[in-house]
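In what follows, chain A forms one complex with chain B and a second complex with chain C.
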Partner chain A sequence: MPLDTSTYSLALLRVDGRRWNELRRLHAQIRTQDAADGSSYLEMGHTKVMCIVTGPSEQQQQRRGQTSQRDAAAINVNVVIAGFSSVDRKKSGRNDKRIQEIEVTIANALASNLHTHLFPHSSITISLHVLSQDGSLLAALLNATTLALIDAGIPMTDYIAACTAGSTSTYAAGDDSADPLLDLNNQEEQELPFLTVATLGDSDRIAVLVCESRVQVTRLEGMLVVGVDGCKQVKQFLDQVVREKGAEMVREGAVEKSDAMGMVLDE
Partner chain B sequence: MASQQILFSPAELAYLHRSLSLKPPIRPDGRAPTQFRPLTAETGILPGTNGSARVHFSDGTEAIVGVKAEIEKTIEAPRAEESKPESNEAASERTRGDWLELAVEIPGQRDDEASTVFLSEMLREALLADKEFAKKLFINRRFHWRLYLDVLLISPPLSYPLPLLSLTTHLALLATRLPRLKSEGDEDPMFDDDWEASTFLYPQEGTATNGSRPPITLLVVAIGDNVIFDPAKEELAVAETALAVSVAEVRRAQKAGDMEVDSKGRELSLLSIRTIDPPSRLTPPGVPHTSNTGSSAFAPTKLQKAGDQETEGVWKAPLGGTKFGVLDGIIQAVLEKGGVADEVLDGLEGVELS
Partner chain C sequence: MPITVLQPQPAAKRQAAAMSVDSDSDSDSGGGAEVHGEDILTPGTVITSNSQWMRGHGTYVQPGETAITSSLAGTLTKTNKLLSVRPLRARYTPEIGDLVVGRIVEVQAKRWRVDVAASQLAILQISAINLPGGILRKRTETDELQIRSFFAEGDLVVAEVQQLHQDGAASLHTRSLKYGKLRNGVFVSVSGIGGGSGVVRAKRQVWTMDVANAGGKVDVLLGVNGYIWISKHIESDTNAEAVGINRMEESVSSKVYSSQNDPLELSTMREIARIRSVILALVENRLKVDEDMVTKGYSEAVELGRESPDDDLYLGGEKGQRLAAALTGH
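Take a look at the complex of A and B:
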């Protein structure tokens, strides 16, 4: 059993030494690639993803009958999970249902967040590369996408910040007093019920909520509260990354400091 | 190369073709004919792999290669005493091809698309072309390593990504390390679990350095009488011939205290040449002003049938194959001392392997 529940209750420490409400190390870079309109690189613990945004650009050949997108930009999400990303090499085909579901989830979340009506007859292509996976994959992809879209300068209502939340005992244990956990790694995801939650900016508005495991409904509220709280920490982090990059670009003279800029650039 | 759409008009193509067939050619990005795009490279970026590399060209294209190795049981070859040694060798050679799996991922393209498959086969072929590669994967008669190379093109495919992917693969293989074998003979393999003790697939020093190094595949185009290396998209669009030339360095045993080590330079061996169908063949031809009914007051006479003669400054898609002279010139330019392959390998040697 990866997460030995007995040891957890003794020391209240998880397998990787974190407490229940601790996030893993977050590291992110924005504008990692010159050729792309927007790009980012994000690490959540050992989960490492890259995001490249192309567009808004002229719509390519009509694929999959996207004729309905005439008054707004179409969002195409493309997730590539590298064969070397997990411990054992596993090649996932292009038609993997899990990948497709991740793609659809991200596209739907963005469709409601981006101001796509500003770009009719165009398409925004988001390609995500998973270089290493250790849990919280969907959350990492959503966060990387947010950063890359900010880099691309596509107008949106607010940050989408995501993280996962779980519960310390399995569904079968039926333990109602189980503590919620924040930001699960791969080992914990294998064993415990968990959900992925994404919120809009600092608000409590939920943009994405995915739960694929069985869990008692009484535990759900606690998990959700912890997850939303984690999203706020993630949002703070993403915001900091964007601000630092912005300040750096102003310092280097890549962009001019405008009078309308509301924020103070801390040197 | 159907994936690459050419969005140039015949007039633009004619202009590009003329400036590229001048002596010396004027390239759109101002490079010399044999100059590569500047690149940044790093290795060992992914701790979860046996070897990895990331290469970033100055035009923004970027690729990541990860190498993963697994142990596999060798399928029993027919016993040596029963069959002739030749057939045994042939059988082992055939299976060795399967010991390496190479997959190319290009965003927005299906992985079974013809151009992607062609690209990965070209990279794989160069690796297997020297017979020594499979020997490195041999553990004992019953077991061998199986190597998975996953090539990821991160950026959108701005130009034909062959040189980029090849250089990244080269670096990833140089950085690849396999656990040190502790067992002996044909017993079940046992490995040292200390990663610090692991051995490089291509050792950097000691006697084991002899033999071939991982190959690089260069993309070369011929335009007019000029041979141009590492073509950009615009250059490929007017190329008369496009060749993928794979070369590898072969290191020979050198006596200790050989003073000429540095001056001797490297020995290069040509592994394979493949012609690539350049996208220029599918370009629409330009219409000469004289035969254009739309702009000319005179109706075209029968003497000026379109396609009969080449008019200066009017684009016409190149036809026919490659002349031997051109092929010879390309090979010379690649292999000569201080040539392009030498230069590229020199540059890649500067990359720190971790």
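Take a look at the complex of A and C:
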């Protein structure tokens, strides 16, 4: 229906006019809320999310369920999907299993990436708000979280950059070599098997890999390769956003300039 | 006839932050550090692989490797052989000797837990405060029983960081007449370190200023942690030299732990509110908050207030920008 695969094989263009390996328009802002410790706003095509980081801070009355009495900071993730974010207005319950799974996925990915051992007895709270959804939701949330955590000045190993990849090939057509697709929108997500992949920085180390649809195992490798390649492009973009903000702050005199040049250090 | 699709033309550059990464052109970032004057380090950037350097805050070494890598977005600081990354913005980290304003959040058996905007609550021991009833005396069980009569939950205190614990938590003390419970004023919170706004460590964090419009004298207390207290200046009724340094504590301690505000004139309150607006305007326009800026900003604000018939105190938006422009001289 929405994505006629026969059309794709003719023109090699997707419903929104992209080629198989093109990302949608990315736009991001860092430090959008002055009162928060860290904040960001990210758009991947028509998927728009907002992230606010509070902490690391110590709650005076710890809620019993949370285990922050450890030698590392606890990470709490809250995802709120706005009622107006998709085409049909759905009222999602308080414990929607899908949202809960997204929260746990993000928290686990961050737990291995952030240097939480530097903040004992404290907790980092990440609030994510989905303003508009058009596919690649988990990927957009992960990217926004990375930006907000950098803004909050929380030490981390590397960027977590995420995107999705899908596969157009059908078993019936027997076209095993059909193109995998990068960065799916909502229509494509409905039609095709897809996975969300997140990598650490420029490396090929995978931080998150989620695949909820049935897909033939032979297609997986192609999807993964395309996804990892997309993650690198996303990482470049995120890095550029942070660097521009940093350069702006250095110019304003908000932060002192670096002491030494790279060349000097390597001597 | 086969359909051909031409390579899409690159779109005109929309915004500065818009995507500019081409799918096949990769900027080279494999080499060593590329730190230039205006450039910043971002998480995962290798600073150096030379083993003569030591790693400091904001850096890490991956197990099995020797390269020092940045874990923050910020600028590089070099202290002898120690490399650390100064974050663009982060929460306050306590240092010994810092003057901080804090709020009591928890009362325990022999100590209070104080929110000082750091990653952990600070500790104020009952043995680290001036107990009422005279010269430095030992604390007794009676003091422990009436611990809430000194500080209760929600009280604001000004204190000094006495020591830092292994896990980064701070211990405070108020063993000076300058420190103690805060009253007769208003609390303002600005962001933590970095980010170009907020309180900077300066020679003087506390000062008394004469305010306009017959407001009397006002104390301004800039906590290094970004918590600020602006209050009416209270002259101590006994002359310090007459009482002598040891008896001084005795004479004031009766009032030190009072939670009752003194009567404040409306004119003083207005000027306190004006100083608060000045500080918020400084933060909004990303200027540093220190004695010099606040006093200069205040006199500008008094001038600005005279322009409106009812002496407007609000300094947000366009008025704040005018204030900032006057201060920076642009």
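FYI, the second predicted complex is superposed on the first by the 243 of 267 C-alpha atoms of A that agree within 3 Å, B and C clash if a C-alpha of one lies under 4 Å from a C-alpha of the other, contacts with A are read in each partner's own complex, and residues count from 1 in each chain.
Convention: a residue touches a chain if its C-beta (ideal position, glycine included) is under 8 Å from a C-beta of that chain, and two chains touch if they have at least 3 such contacts.
On a predicted model such as this, the values are computed, not experimentally measured, just so you know.
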Chain C versus chain B on the shared chain A, clash or fit after superposition: clash
Partner chain in contact with A:S213 - chain B first, chain C second, else both or neither: neither
Which superposed partner A:Q187 touches (first chain B, second chain C, both, neither): neither
Which superposed partner A:H129 touches (first chain B, second chain C, both, neither): first
Winner by number of chain A residues touched, once chain B and chain C are compared: C
Partner chain in contact with A:D34 - chain B first, chain C second, else both or neither: both
First, second, both or neither for A:I52, with chain B first and chain C second: first
A:N78 touches, of chain B and chain C: first, second, both or neither? first
Contacts of A:G201 with chain B and chain C, given as first, second, both or neither: second
Residues on chain A lying within both footprints (that of chain B and that of chain C): 34
Contact footprint of chain A on chain C as seen in their complex: 3, 5, 8, 15-21, 23, 26-27, 29, 32-44, 47-50, 53, 58, 60, 62, 71-78, 83, 86-91, 105-106, 113, 115, 118-121, 167-169, 191-192, 194-197, 283-284, 286
Touching residues (chain side chain A, partner chain C) in the complex: 10-13, 19, 21-23, 25-29, 31, 34, 37-38, 55-58, 60, 71, 73, 115, 118-122, 150-159, 200-202, 232-233, 236-237, 239-247, 249-262, 265-267
List of chain A residues in touch with chain B within their complex: 33-36, 46, 48, 50, 52, 54, 78, 80, 82-89, 91, 93-94, 125, 127, 129, 131-132
Residue ranges of chain B in contact with chain A within the complex: 46-49, 52, 56, 59-62, 64, 66-68, 70, 103, 105, 107-108, 110-112, 148, 150, 152, 154-156, 158
